[in-house]
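In what follows, structures are represented as structure tokens.
There are two complexes below, and they share chain A, which is joined by chain B in the first and by chain C in the second.
Let's look at the complex of A and B:
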């Protein structure tokens, strides 16, 4: 009789599977279920309201404003920190002895808590009492905070988040750039490539998988944007900086409409899902090649 | 095929991860407090200060979560309440956690049938959904035992009742009014305004002289907007109209409410609310500017006395004074927008013995002696809403504390005469309150006054029909 072989793989993945099911899958399913209810987060009485939460959202101009701001946030993050991070990584690539020091310096805003960074900017830069703004005013310049204007407030918040985030991309890109085969780089140099050509034809193709991954992660992260906006403007003035995350929070904790907050949350997931599929598609295409 | 399966699995995993990120979680608000007490203990967040006496390790703990007050205020709380309670018996100790995000923490904990024994609330409207969810203890028996109904001002006592039963008590009165800098007014030959027209004239002149018209702002706390919504609803829409609106007798869509919202926009447009710096100032900075003689006025809640103590010091101490909002054409008598600093309730899930101790601790806060001691150390927050304040002696208090006692006495007198309006976080249900917070939609012209008022009516009607409106005390109706 043949002895049945125990597959230890199942035992090994069991703990992580249990954690994933408990703290990811079940809350995910609950969020989905709550989006069809009028639950206030406390009451034992939960009523099924069908698609009412979604219908109300589709008639809510602030909801569209939040989506628009998330898209602006995504575009800003896919361009500005990516360019700065790539440029800094390319510059650090040639600074073999000092790049560790630079990296530590650059990473300081990234390792600080968002509340610290936000308070720093609010009190040291934008404050009309003690900030840079007050210094300029005392010098006679008529300047005001970008957070006070509906047209610029979202950019003011994004600027602070980008200031905190770009160094993270620098570190990631630098790690990828260091893996580029040196023989390709040296051959290109011998062929007379200048800096731009070296980047365009040698470095960039070699780190494309990292760049693609970060594009997807930035997109997902942009639709989850919350902390800096909540800390700096709370979604104001007049919803000018409202994003889906702050809008969901406002429904959940201010208006006590958990059902509607869950419905907003599903849209955040939807946009994240699109980015996830894009990443899967890119990954399988690369594997095919 | 395997690759395809892997791709699908990967996508599902990522989707589920994002979905779970949308579930409720608490958030930490920024806070710059520090204290000699332990921080982040017992699984609490890093910005939570836990006030616990390690020498009383064997005692059972009665727990209270409070907002992240300034260190001097935490010290006063410890000395005047915690130490006194702990010394009064040898079985329990009061453990206080100062949490910057206390409102959200309490809601989340209570949703899971957890939380502290004594429940801090930001107002009766915060309490209503908790009562409906059976998270709070009925305090009628304790009220009878300690005589709360007889000694607390009726509108405040009633604001803590739901269907006639007591579930919360307001710890201290708060009202909207005008802080002014005496020196700025004297230097510019301005009289203390008694009418809104006089006040507007002073603000116009102040701006011409390069000063702020008044200082205030919502930096770090967007709900500051509701102060001005409530203020103009009281002084322009009138308490009588608001009583009818809150009791369902009249719609929000009426000319009085529209006039109030329009007046708030007029103030915004003219720059009377700190001009373009409104979103870049908080109350501390506003009071600093008032102290630095950069503005004649700070229009804000009376609880701001507690922050004034940091800036009006030394020879500036007596430069600040507080007046009720000046008379308007619609409301000529001295009238106060009634609000509360916070509410105190008892957790329905607490052990019975803990509930009794919690009631005892709440009662310690509901007497004139406590108000006197706390106000002397922490002016602005502990104006206990008592009918009889005659035993509060302010003669030995510093200037700010004595001024605050006078404000509380004036409010008590006005309340007894029925001259009061309604602060939204005390008397409006939560979704309606959120609409008042969003009054800046009108200021920034993303909504017209008509659209905005209609949106309040829509939210209020739903909450009114669901019985979520706190009890509305009746003002003088003639």
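Let's look at the complex of A and C:
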């Protein structure tokens, strides 16, 4: 009788673990191994080269440029969309009837594909021939696409990604704000708090865990930045918008240096790992409460 | 006094709406421009992209449909998205059930693993996976690619489904067990009806994400006959980038269905976004 009792739950969790392990974990471990080799993806000879790939990276100016761009990206994303998102969420909180209409409007860029969004901005806004920029040019202003200039290209890419992303934060913040106990808000109102004080002393402390969770998610996401840069500039002009994600990709598929691509991939993961530890900490702390 | 505060309140409301409307305009204006320009000829667009179309050039859409190879593209997109959603729904709901409550040993470790997998960069596993797929001759195989997307979106779906299962009252399962129901019966007859809103939420969230996905699909779906709609559109930009009217029509062919789908499902979509990030 006892022998027949199988715990079926192990069979139920098996498919998801099997897929995840064979597509993420095992190739992940292989990436770790490849980062110490000079494999080119095709040849059957793989040589162990020790830390060669990493040493070469640390002498590589473009690699530092990529890290710098990732940091710029992180700073931009931790400030601009967070502020706009929070402002919009606080404003929407006061609109009970029109809230969901605005929210749907804001979210439309978020649900469109990055490839469509990028092409849309390239052709409709940034293009000096067919975009809004051309209107200014016809009026006689000498404006050129921010993507063509080495100094401004990264900001041009970030602008489009922020345009696409900020409404997600609004939705999250708004949901958190709506859970703030109304009696606290009412009490503060009676005490004569103005709007800013209400936000600073009542709303913000109440939604702090969501805010910090989003901070961590944004930081992780910024080190993974890929889609918009690849689609809009491909890392150019002259590596000016290269980030770690696009740099690793071009090692793997343009110059066929899998070892080096793996090393950059590991480097991204290292940043991601720190952030995801923080994430795990925050969300497990939240679960305890 | 009362009149004054009424006036002040009106002023505040006006400013609030103004800010919100400006934000909405920033969000929607580029998309509106695509719609307007999709009805114009290339000459009209180049002379003034902001002008209204004089004649509605619907032939842009016909031309775009042909050059973007959208009849193949949309079928491929539907295949890729459909397969991904089905795989994710089956595996993540089963896993979510098991991980809600202590049903197996090591569920804490598995949860930790999924939490790490959720934040892993694609570049950590992309390159070996690509060459493994190439060796197995799976590059361009839509079904095989949907497994990658499924693995990518699985952690989030597992957590979402787990939350939905945690909200099912324990008594419901216990009483069914006492009546002699097995695990399969509990899941199919007791749990499935209760968590079906969760299944819809996950399906819509994952469906939209895999429809829009770029990095994996552009890497693994090579060869024009395997292109999804978005990849066909991107290929068009390379080879057909000179006629803006047709490009805009192609862009709106992609934008339109997504907006309609989003408007129909936005409640579930927002629910999914929020329950992934806000606890309570």
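Here is the rule we go by: the second predicted complex is superposed on the first by the 260 of 289 C-alpha atoms of A that agree within 3 Å, B and C clash if a C-alpha of one lies under 4 Å from a C-alpha of the other, contacts with A are read in each partner's own complex, and residues count from 1 in each chain.
Here is the rule we go by: a contact is a pair of C-beta atoms (placed from the backbone, for glycine too) under 8 Å apart; a residue touches a chain by one contact, two chains touch by 3 or more.
Worth saying up front: this structure is predicted, and the values here are computed from it rather than measured.
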item	value
Partners on chain A (chain B, chain C) - clash or fit	clash
Partner chain(s) touched by A:182 [first = chain B, second = chain C, both, neither]	neither
In the superposition, chain B vs chain C on chain A residues touched	C
Contacts of A:135 with chain B and chain C, given as first, second, both or neither	second
Which of chain B and chain C A:236 touches, first, second, both or neither	first
Chain B versus chain C as contact partner of A:125, first or second or both or neither	second
Touched partner set for A:111, first chain B, second chain C, both or neither	second
Partner chain(s) touched by A:44 [first = chain B, second = chain C, both, neither]	first
Touching partner for A:30 - first (chain B), second (chain C), both, neither	both
3-11, 129-137, 201-209 or 255-263: stretch of chain C that collides with chain B	129-137
Intersection of the chain A residues that touch chain B with those that touch chain C	20, 23-25, 27-28, 30-31, 41, 115-116, 119, 129-130, 220, 224, 227, 230-231, 248-249, 252-253, 258, 261-262, 264-266, 268-269, 272-273, 276, 279-280, 283, 287
Residue ranges of chain A touching chain C (in the complex, touch as defined)	7-10, 12-13, 15-17, 19-20, 22-25, 27-28, 30-31, 34, 41, 84, 87-88, 91-92, 94-95, 98, 102-109, 111-116, 119-121, 123-125, 129-132, 134-135, 138, 163, 167-168, 171-172, 175-176, 179, 209-210, 213-214, 217, 220, 223-224, 226-227, 230-231, 244-245, 248-249, 252-253, 258, 261-262, 264-266, 268-269, 272-273, 275-276, 279-280, 283, 286-287
Interface residues, chain A side, partner chain B - complex	20, 23-25, 27-28, 30-32, 40-44, 115-116, 118-119, 122, 126-130, 133, 144-145, 147-148, 150, 220, 224, 227, 230-231, 233-240, 248-250, 252-258, 261-262, 264-266, 268-269, 272-273, 276-277, 279-280, 283-284, 287
Chain C residues within the chain A interface of the complex	16-17, 19-20, 23-24, 26-28, 30-31, 33-34, 37, 45-46, 48-50, 87, 90-92, 94-95, 97-99, 103-104, 110, 112-132, 147-148, 150-152, 154-155, 158, 182-184, 187, 208, 211-212, 214-215, 219, 230-231, 233-234, 237, 244, 247-248, 251, 254-255, 258-259, 262-263, 266, 269-270, 273-274, 277-280
Parts of chain B lying in touch with chain A, wherever the complex brings them together	3-4, 7, 10-11, 13-24, 27-32, 47, 103-104, 107, 110-111, 129-130, 132-135, 218-222, 276-281, 285, 288-289, 430-431, 433-434, 437-438, 440-441, 443-444, 446, 459
